[in-house]
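Labels for the chains are A, B, C and D, by order of writing; each one numbers its residues from 1.
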Amino acid sequence: MDPKEIIARRVALELRNNTLVNLGIGLPTLVSRYVPAGMLVAFQSENGIIGFGACPPEGMEDPNLTDAGGGFISALPGAYAFDSATSFALIRGGHLDMTVLGGLQVDAKGLLANWLVPGRMVAGMGGAMDLVAGAKRVIVAMQHAARGEAKIVPELTLPPTAARPVSLVVTDLAVIEPTEAGLVLRERAPDVQVADIVAATAAPLIIPDTVPEMRL
Amino acid sequence: MREAISPAAAAALVRDGSTVMVGGFMGVGSPHRVIAALVERGARDLTIIGNDAARPGHGIGALIDAGCVSRCITSHIGLNPSLQKKMIAGEVQVDLVPQGTLAERIRAGGAGLGGVLTPTGVGTVVQDGKQLVKVDGRDFLLELPLRADVALLRCYEADYYGNLTYRLTARNFNPIMAMAATTVIAEPDEIVPIGLIPPDHVCTPGIIVTHLVERPH
Amino acid sequence: MDPKEIIARRVALELRNNTLVNLGIGLPTLVSRYVPAGMLVAFQSENGIIGFGACPPEGMEDPNLTDAGGGFISALPGAYAFDSATSFALIRGGHLDMTVLGGLQVDAKGLLANWLVPGRMVAGMGGAMDLVAGAKRVIVAMQHAARGEAKIVPELTLPPTAARPVSLVVTDLAVIEPTEAGLVLRERAPDVQVADIVAATAAPLIIPDTVPEMRL
Amino acid sequence: MREAISPAAAAALVRDGSTVMVGGFMGVGSPHRVIAALVERGARDLTIIGNDAARPGHGIGALIDAGCVSRCITSHIGLNPSLQKKMIAGEVQVDLVPQGTLAERIRAGGAGLGGVLTPTGVGTVVQDGKQLVKVDGRDFLLELPLRADVALLRCYEADYYGNLTYRLTARNFNPIMAMAATTVIAEPDEIVPIGLIPPDHVCTPGIIVTHLVERPH
């Protein structure tokens, strides 16, 4: 299975019925493909809609109906459109049950860096800081390593996105949960051994007696 | 009653050196006809407040390309490499603000609040130089209101009182910017007779909209 | 002319075209009867509407369309309905050009007391404190004296509504403008002499060389 | 999807001793059927947050008459002499809050803000015990957020996701209270199929509404 598909399918298992969920641009967006059958999840796009669907057929796009990346989307029955203050009131006010975000680094305390690499082109934090500060659960969906370098590190070397630790980290190798005691290895990807994960992780991991394989 | 004016007449209301809020999110819900007129008239030294810098040549990006902008207060410039280059070259000052904080600061400006306490940005570079206030044992940043000389809005329908409606995700920052500027210029897709927009569907009241741009031909 | 009619007619002369105006319950409400012909004034009712009209004919009332006192009103073409946060954003944010409020006392500094008489039944400030703190112009419309007692006093003996002085005081006897230097007597009611006003006012008045009669 | 419940079932969700926001302005836009059911079940020791105390026997006034209320956080009780008497007799605690401040505190509670700075109340008794913050040389009061265990709302239309619309001046505090409570119960005049309310006309999103009361018979 493609690494991105592993991540998206595993994150989708964290979805719960009747919840409000925000998916970041890029990899996190893939999660919406794997919503369990019969489950009702309200997806929010922070530019101002809850209840959006896939891009409509060519020629049926509406220039006033887009996602946060500017791509065309459709509106599902029961959708709700709103302004940016309301959008972040939902995010900051504890109404957003879960957000799924990409990551550049996660450290041993569960702190996330995902918005700025000093020395590279500056993008800006967009809504990331509000999402990490405000969502009930923050799930980081990312490749375990980038160009051979570990992204799960003892301490962030990049600027943090928030002072608050994330809830769960899902990678193509593992599911890791930040706790008070440290990072706990909860699951391993299919055909991946615990030793492989430890080798690819720069931060110390707490390893329970059994580390089950992801049930995808 | 508001008479509809041309995009060029609207652009003439935006003085060089002024602070201008521009509605839109990646250009969706931005007043593209007034923006084109600003580029046309060669506006200079504008401070732009907007969610993002859109793309080169598009929305706020068009203003930046044309050299109209000296400062940008925004949450995201990642899809506009032209602005990134101008920023590094020191041609445009960029102040990055978290998106929800930007929205709240604009809302505070329009609502007459002296500021709001937000948890966003605590423990990050966003905290630098700001007052930290503890409420119930939890840290918050005091974020100050934003106001502008001019707000440039895009709307769906307007009536001749200036009452506005917005359409789907083109709403975004437009309604809060309408409240936070001295001169408020709305660019509608359609102008309808007074009384056609039901009171419950009006999103911005005409009494705060100072100018209406004529509908597109 | 009835004292209330004098006050309402004189306050109405302060109305300007294309402005947003809030009228308090009671006497201030009468001002809407005297809007100069051809002038477009948007009246706000702080419970959530701009552009309301008189009570509709019996049987045509809508229980969802009322003023701040709970009385039935109608909606004019171009009306706008909104929630309470928006209502006070308009009031506090400098969008309200003028508010007309009743008063219990105004003092030499122009401070207003209009919400609490200690020892009497407590009503609550409702929107009065926001209106006085937020409106561009605050006009007090009140009887010059109550039961023989002056209401324009050297210093408030009742709790103030705001720390900010009001813009103008219109009574059945006079128009008085609070300034940095003190209360200036601007106009007198028809057939009222300056000496009558001075006698009915406990606060010192600055009296210009000419004090014209109100042009009602 | 939300199943519509009876007013009695809704009233059963409001525990004695809890804090309850009640929409409405002089009873207009108040959930009268749920209020009647609360009186019927003999609710006790409620802290009510609402704009005003309406009139005796009406809206929040009915709850006060029935002895359901021990505390009231409100801007105005002038048209409810029954509550005034109970207040003087020490039976009900009344906390008076300026109307705009009440609205902002509820909004802050729903928006996750730690507080807002408002000019309202500076130099008055409202200032007592509050932090004064100077911004740009001007004094503001720091006002803290309000949240509740339950919000009781009245709306015009609802769909079975719980999306809500409001009608004219019956909107008032309802949309901001919808955001500021753990349990959110909406009493609609009409329930319509999902998809019938256009996305731009939904005023409160169903995802935050936990319970829907059946339509009146």
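In this section, a residue touches a chain if its C-beta (ideal position, glycine included) is under 8 Å from a C-beta of that chain, and two chains touch if they have at least 3 such contacts.
Quantities reported herein were computed from a predicted structural model and do not represent experimental measurements.
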With one step meaning two chains touch, work out the least steps from subunit B to subunit D. 1
Taking each chain's centre as the mean of its C-alpha atoms, give the chain farthest from subunit C. A
Using mean C-alpha positions as chain centres, tell me how far subunit C is from subunit D in Å, no decimals. 29
Between subunit D and subunit A, distance of the C-alpha-averaged centres to the nearest whole Å: 35
I'd like to verify one number: the distance from the centre of subunit A to the centre of subunit C, where each centre is the average of its C-alpha atoms, in whole angstrom. 55
Residues of subunit A engaged with two or more neighbouring chains: 49, 75, 81-82, 85, 88, 91-92, 134
Going by the contact rule already set, what residues in subunit B reach two or more other chains? 104, 107, 111-113, 118-119, 166-168, 171, 199-200
Linking chains that touch, what shape results: line, ring, star, complete or other? other
The chain pairs that touch are A-B, A-D, B-C, B-D, C-D
Can you list the subunit D residues touching subunit A in their complex? 1, 107, 109-113, 159, 161, 163, 179-180, 194-195, 197, 199-200, 202, 205-208
Using the touch definition up top, name the residues of subunit B that touch subunit A in the complex. 25-29, 51-52, 55, 74-79, 81, 84, 87, 94, 96, 98-104, 106-107, 118-126, 139, 156, 166-176
Given the complex, residues on subunit B that touch subunit D span 104, 108, 111-119, 133, 135, 138, 140, 142, 144, 165-168, 171, 199-201
The subunit A residues in contact with subunit B across the complex are 45-49, 62-70, 75, 81-85, 87-88, 91-92, 116, 121-130, 133-134, 159-164
In the complex, subunit A touches subunit D at residues 18-20, 40, 42, 49-51, 75, 77-82, 85, 88-95, 134
